[in-house]
Amino acid sequence: MLRFLLRRSLGAVVILFLLSIVAFLLFFGMPRDPALLMCGKTCTPANLENLHHVLGLDKPIPEQYWIFLTNLVMGSDDFAQGPCPAPCFGYSYHSNEQVWGTLMDRLPATVSLTLGGAVFFLVIGLGTGLIAAWKRGTIVDKTFTAGAMVISSMQIYFLGPLALAILVYQTHVFDKPAYNEFTENPGAWFSGLIIPWVVLSTIFASQYTRMARSSMIEQLQEEHVRTARAKGMSRRYVFLRYAWRGSLIPIVTIFGIDLGSLLGGAIITEYTFGLPGLGRLAVESVFFSDLPLLLGVMLFSATMILLCNIVVDAAYAFIDPRVRLA
Amino acid sequence: MWIRFKRDRTGVISAYVVAFFFLVGLLAPVIANLYGKNPYTVYADERPELFDSAGVPVQPNGGISGEFWFGLEPGNGYDVFTKLLYGIRTSLMISVAVTLATVLTGILLGVTAGYLGGRADYWISRVIDFLLAFPAQLFFIASMPVVVSLFVSPRDETPVYVRVVALILVQWFLGWMSLGRILRGTTLALREREFIDAAKVSGAPPGRIIRKEILPNVVTPILVQGTYMLPNFVTAEAGLSFLGVGIVEPTPDWGQMFAKASTELVMQNDITYMFFPGISMIVFIVAFNLLGDSVRDAFDPKTAR
Amino acid sequence: MTTVTQEAGASVPADADAFLSVRDLHVSFRTEDGVVRAVDGLSFDLERGRTLGIVGESGSGKSVTNLTILGLHNPMFTTVEGEILLEGQELTTARESELEKLRGNKVAMIFQDPLTALSPYYTVGRQIAEPYMKHMRASKKAAWERAVEMLGKVGIPNPRQRAKDYPHQFSGGMRQRAMIAMALVCDPDLLIADEPTTALDVTVQAQILDLLKDLQQEFGSAIIFITHDLGVIADMADDIMVMYAGSAVERGTVHEVLRAPQHPYTWGLLNSMPRLDSDPNAPLAPIPGAPPSLLHPPSGCRFHPRCTFQDRVGGTRCVTEVPLLGPDRSSACHLTADQKRTIFTEEIKPRLR
Amino acid sequence: MGRSGRHTRAVISVLAAGVLVLTGCSSGGSKSGGNDKEQQENAERQKALIKFGDAAASKGPAAEVPGAKPGGTISVPARDSYAHLDPAQIYVFNEMGVALLLHRGLTGYKATSNDGKEHEVVGDLATDSGTTTDGGRTWKYTLKDGIKFQDGSAITSADIRHSVERLFAPFINQGPPYLQQWLADTPGSDYRKLLPDGPFKGKHLPDSVLETPDAKTVVFKFKKPHPDLPYALAMTGYAVVSQKGDTKEKYDKAPVVSGPYKIESFRSGKSMVLVKNTNWDPATDPIRHQYVDRFTITFNQQYEDSTKALVADSGTDRTAVSWQNSVDAGNLSKVLGDPKMKPRTVIGYQPFVGQININLSHKPMQDKKVREAIAYALPVSPFVRAYGGSAAMEVAGGIISPTVSGYDPSFDPWGKKKNPAGDPAKAKKLLEEAGKVGTKLTFGYVNSQEGQAYSTAMAAGLEKAGFDVQRQEIPAETYFDQVSKLNNNYDIFHTSWAADWPSASTVIPPLYDGRVIAEGAQNYSQVDDPRINSEIDRISRIADPAKAAAEWQKLAEYIVKDVVNIVPTAYYKQVQIAGSKVGGVVYDDVIGGVDPRRLYVK
């Protein structure tokens, strides 16, 4: 187990390393000159020069990258804005805040959105999925399947604004979604996120409905399920113990992927509802061509994805005894 | 197989719906011409009496009328009907291109990896793993301006086609892996089959084996995957335009209409507007997914629905 | 007497002391391409303590028949006609809950491939204990003990340890033993073994077969033994029923059927089976052609398209008329008894010896 | 406000476009407050002029706000966090707002009426608004007694000198350039050559430029007369910085303040708490009050949110008012329509004037007929539309804002007020006369939702008149750097400019003086018209603000009507509301928003 985790983490680090390179190069392809942003109004070529120097943009890219890497690992004190402990992505060009700090500021919103949403869509999605599989072929099954089909074809950028328009702007039933710290005001935290949760989970749930149903049905064809029935186990018991256990693998896999990408920033959702999460941070950092921030977000969300993958693989071991880790 | 597909009614119907959308996209200019409007006219200035000073159509339901079948877009007051036609046209054009590109790449790399095996296989697989670890959406957003800047200096007007090409490129870059992986698997399996060995023994050159023996056998997964990928590309493209990094005004585009629909202007005053892009896209995606399922069932009936 | 039989189609009250009796069973599935008549008018009886071997190629309806007995067919696509009486209780119309009480309790089943037939997610011990807990209302603890005991009985070394293992940690043979333990845990009156040895290699086969025989001695349960391997049947079964394309074509005691088979299909089976003592130069004579599609079964005698003795019957009887299976020792073929005997002794036997 | 004002606008518009999805725009821009009423107000404004106050006027304490009583906490919802707190870096609305409570300068604006419409420039740290004996070349300031920083240390001329000298340091790059340019007597940003490293490497400004003979006296010496100095020094950008407390870059996060309030806590992007500065002596301050005990500022409050909360008026929102946030376009009509909101609502102009610049450095644009054609054809309605309709934008006739002395509401040479969609027919005729039909116009627009919206529509309008318009998007955050490049390839592009003080002298010279054409300077249209230049010189010398205003007005009309290097688009307006328990809510024209200094809790 431990060896497995170590090995996987090592792989992840390698991928992150490569990714950071790609992202780094990517940024330097950008049409905007970050110095121009910093330079501000009374900008002279001289100033620009100076800034290029301050930002280290005049150094060759490999060197810049090396600096970035060393800062990341052991922090740095030679930032004009002040010291920058590891993990140091430097300071944002735009807000002059420490990137890591900003990331951590934005994380709670994303986490709240993701985990809250996840609870919703797992419960709803798997619930309906199981029911559909249990009542396979009946009208219930057909309605669920059809409904899931349609909903899963909706996009957050349609459902979201629609929900907002109806619930907020037309009927004023809800306030505009907003993020409030749970610790400060749980009530506001909940009411502020409810619409995003519902919208997010509606769409995700529909996909889980379909997946749960099909994998359950697949499992029910399995011979060992038949054996269990031949043993005289009740249909319900077999359904919930044997078939369900088997369906977990694909579900967990997909869930891991979803969770990872969501935790890395539910870009469109956060953007649609104006939630101050990592996703929106990402979009901002692109708009302001804020190199440190952009790199920060990119690596962070990649880390999330990889992390979740590892967790999922580890989870297999608990679900399926045949899987041996190492 | 073809017969089995024909027997599947939902499949056939959805096939018609999908075909309809492609037709609409294809014939957009013609239809617009007959309808006598284009998606570029600023009716807010042409016909100010139809709007208030914030550009909201004064008539109910977003100004739907005999003259403007789908109403007028809040803001500059473009004609929604023609805008939707052209929007569909743009989005489909891009998505089809992306699909073709990814399929070709998938075949190329997947089959090579699977057939050659060994080092080639190893590296291609690693690349696939690596690219799969990418935060795709984030990558799209971040790279759009970059790719655009590869074609034009930021000082010049970005021609529409450049944005289109850029959209195609970025989506292609992270789009081909899944298919590639599947094809690699299939090829790997095929390679072990007797008839390939037979061909090998009979001294057929690899190229020929791949062409004559392998490709025919991977058509099924390609077709199935293709029908699944295209709608995803459509929504992804729309997503980018929605975020403002894809197609921008005044070029009509599905996603860009969603962006418009998500402005307070629209949500406050003119819900009607958002249904046109919304409903049309849902119908399209549903139809396409149903089609996809039918195609899959038609090709390999074993897999349980 | 061993197996009382009725004319196909006729329905006479089941023989009183028959433990299981199947009457004119029809099973058909609805599929994409049409209705498959998997079992078509099958009847047989079985008494306690006896072993009935059912032989036939795959797709001849052997397995279907037995799944139907347990009511494990998928009710959505399957229609079942005729009756299945277990100690006089009608099973085809029985409610799910009643069937559940029987399964694993009165009637247990062993499947062909123990690897896929055992759940990979639970320990062998637990899977064996489960039915015991359910049917015997036993406590978790007691059931576990029982499981361990059964594992011991089927010859698993240090069962207490192995009970905690998962199926994938067992060898093929041990898995099948575990299967058997699982089937016998509630000492059932009827054990249905569906090709229990096919997936195993020969040495293990022998062990499993011996095991089954011993256990039958001990538990005195009746066994339905399904296989396509006459060799296995020879040392397992008391009686044999040969099935072809969904219905029985020949039946009798092991001796009768193996010593003096009457049906061309049975001859074919014998022919296609290699023997240690047969002349290596004598070629094996596989049955020509392939099993018929049950979508559109051949008219008349289902076997006629592959039968090499049609001409002996003469006329078009084989094509038009369905041969009936008589009671007791009999076979469903239009050849006369003499023809059968002479053809076997003069043409088939030499090739076997 | 000037440059950064516009810069922020650009950045904000990108935020609006890219980041806050639910951006501007509204239900009915149409139904805003009656225009005639405003016309009258404007008329009054013209009369209201800003005088330079003497020692008497500069004496503290400030006149009590009627009904005001001390105590209580006011909560302040704000959309944007404060990127800068170092006064020399402050050039942006919301930051200037809070700076009014934190930083003091040599001079400041004293409201002489309670409606925030009449002001006079008085001495803040100085005993008067400044004395000059040679028409504005030499200005002498004497510091008051008892003026202290928050740490209790006295403010001396040394601090003033330091504050001025550090303006030349490279890391000060966001603030206004006036004083520096005047001292160095150079346009653009060459002034930095005067003291490249600021005071930090031991170099200092010579007495010939800045003289501090004793701890209380500061003397500015210019080569040219600059009668506007008192105005300029009133800007936050020239507020005092503590010499020994100066932490350079870090000062931007934690300044040593001199105003009535000091920063108790500041979590960037989250919140800021201001508490009374005990070392502030009201007796020394003619313009600030210290009624409220605490201000708690919360950031990331979108306009919709703050509006909703303030309208609902419950709990702490009853004692809440936003300095920055205006009523979101969506609720505008609702708020303006609701009589109950009336007493809690303040309406006013922001000092911005929008204009399309015509780049005269391009040959085709040098044909006056073409420019007139543009002026006629250009639809300004798209601009008004894009920013929320007539409640947020008012179609402009000239370039002098209603908040600036010398504004004339009746001036409208191109008939935009009557016909905001433009007059393509007339334009076409002009083009045909000039034989320039099909002239190519490269239209640079800010790449934001609004930018895309109005540029496309404007382009459409111009094309009707027979122009061939090429739209080119410009990244919002570098927009102004791009368009202020001398060799930029845009023929027309939109900018908006806010007067830095209520005199056209901060509008016309920086924008239209042909001699300040320079890389990165603000003469966007690159107009170099001898008459404009000479007039600027002449009017700059007029010491009496009133006379000057009248002259500026004439020059402004000449520019718009006869030079046609720009086409005015709109005056920016805003509506702000406060909680029912907040007193002293006044829309101050000079601040361009609610005056934080006068606030108290009822």
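For reference, chains read A, B, C and D in written order, and residue numbers begin at 1 within each chain.
As a convention for this text, a contact is a pair of C-beta atoms (placed from the backbone, for glycine too) under 8 Å apart; a residue touches a chain by one contact, two chains touch by 3 or more.
A quick note: this is a predicted structure, and the numbers were derived from the prediction, not measured.
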item: Chain nearest the overall C-alpha centroid of the shown protein atoms; value: A
item: Per Cα centroids, the chain farthest from chain C; value: D
item: Approximate Å spacing (C-alpha centroids) for the pair chain A, chain D; value: 41
item: Centre-to-centre distance between chain D and chain C (centres being mean Cα positions), rounded to whole Å; value: 95
item: Inter-centroid spacing, chain D versus chain B (mean Cα positions, whole Å); value: 47
item: Whole-Å separation of chain centres (CA-atom averages), chain A against chain B; value: 23
item: Sequence positions of chain D contacting 2 or more other chains; value: 18, 21-22, 304, 330, 475
item: Set of chain B residues in contact with two or more other chains; value: 154, 243, 259, 262, 264, 267-268
item: Chain D-facing residues of chain A, complex; value: 31-33, 36-47, 50, 80-82, 94-97, 102, 105, 164, 169, 175-176, 178, 271-274, 276, 280, 283-284, 287-289
item: Chain A partner contacts - residues on chain C that touch it in the complex; value: 70, 72, 76, 96, 100-105, 108-109, 111, 113, 116-122, 127, 130-131, 134-135, 166, 168, 179, 182
item: Touching residues (chain side chain B, partner chain A) in the complex; value: 129-130, 133-139, 141-143, 145-150, 153-154, 231, 235, 238-239, 242-243, 245, 255, 258-259, 261-262, 264, 266-268, 271, 274, 277-278, 281-282, 285-286, 289-290, 304-305
item: Chain A to chain B touching residues, read off their complex; value: 15, 18-19, 23, 26-27, 29-32, 149-150, 152-155, 157-158, 160-162, 164-166, 168-170, 214, 217-218, 221, 261, 264-265, 267-268, 271-272, 282-283, 286, 289, 294, 297-298, 301-302, 305-306, 309
item: Residues on chain D engaged by chain B in the complex (per definition of touch); value: 17-18, 21-30, 304, 328-330, 379, 381-382, 384-386, 388-390, 421-422, 442, 447, 449, 452-453, 456-457, 460-461, 470-475, 482, 488-489
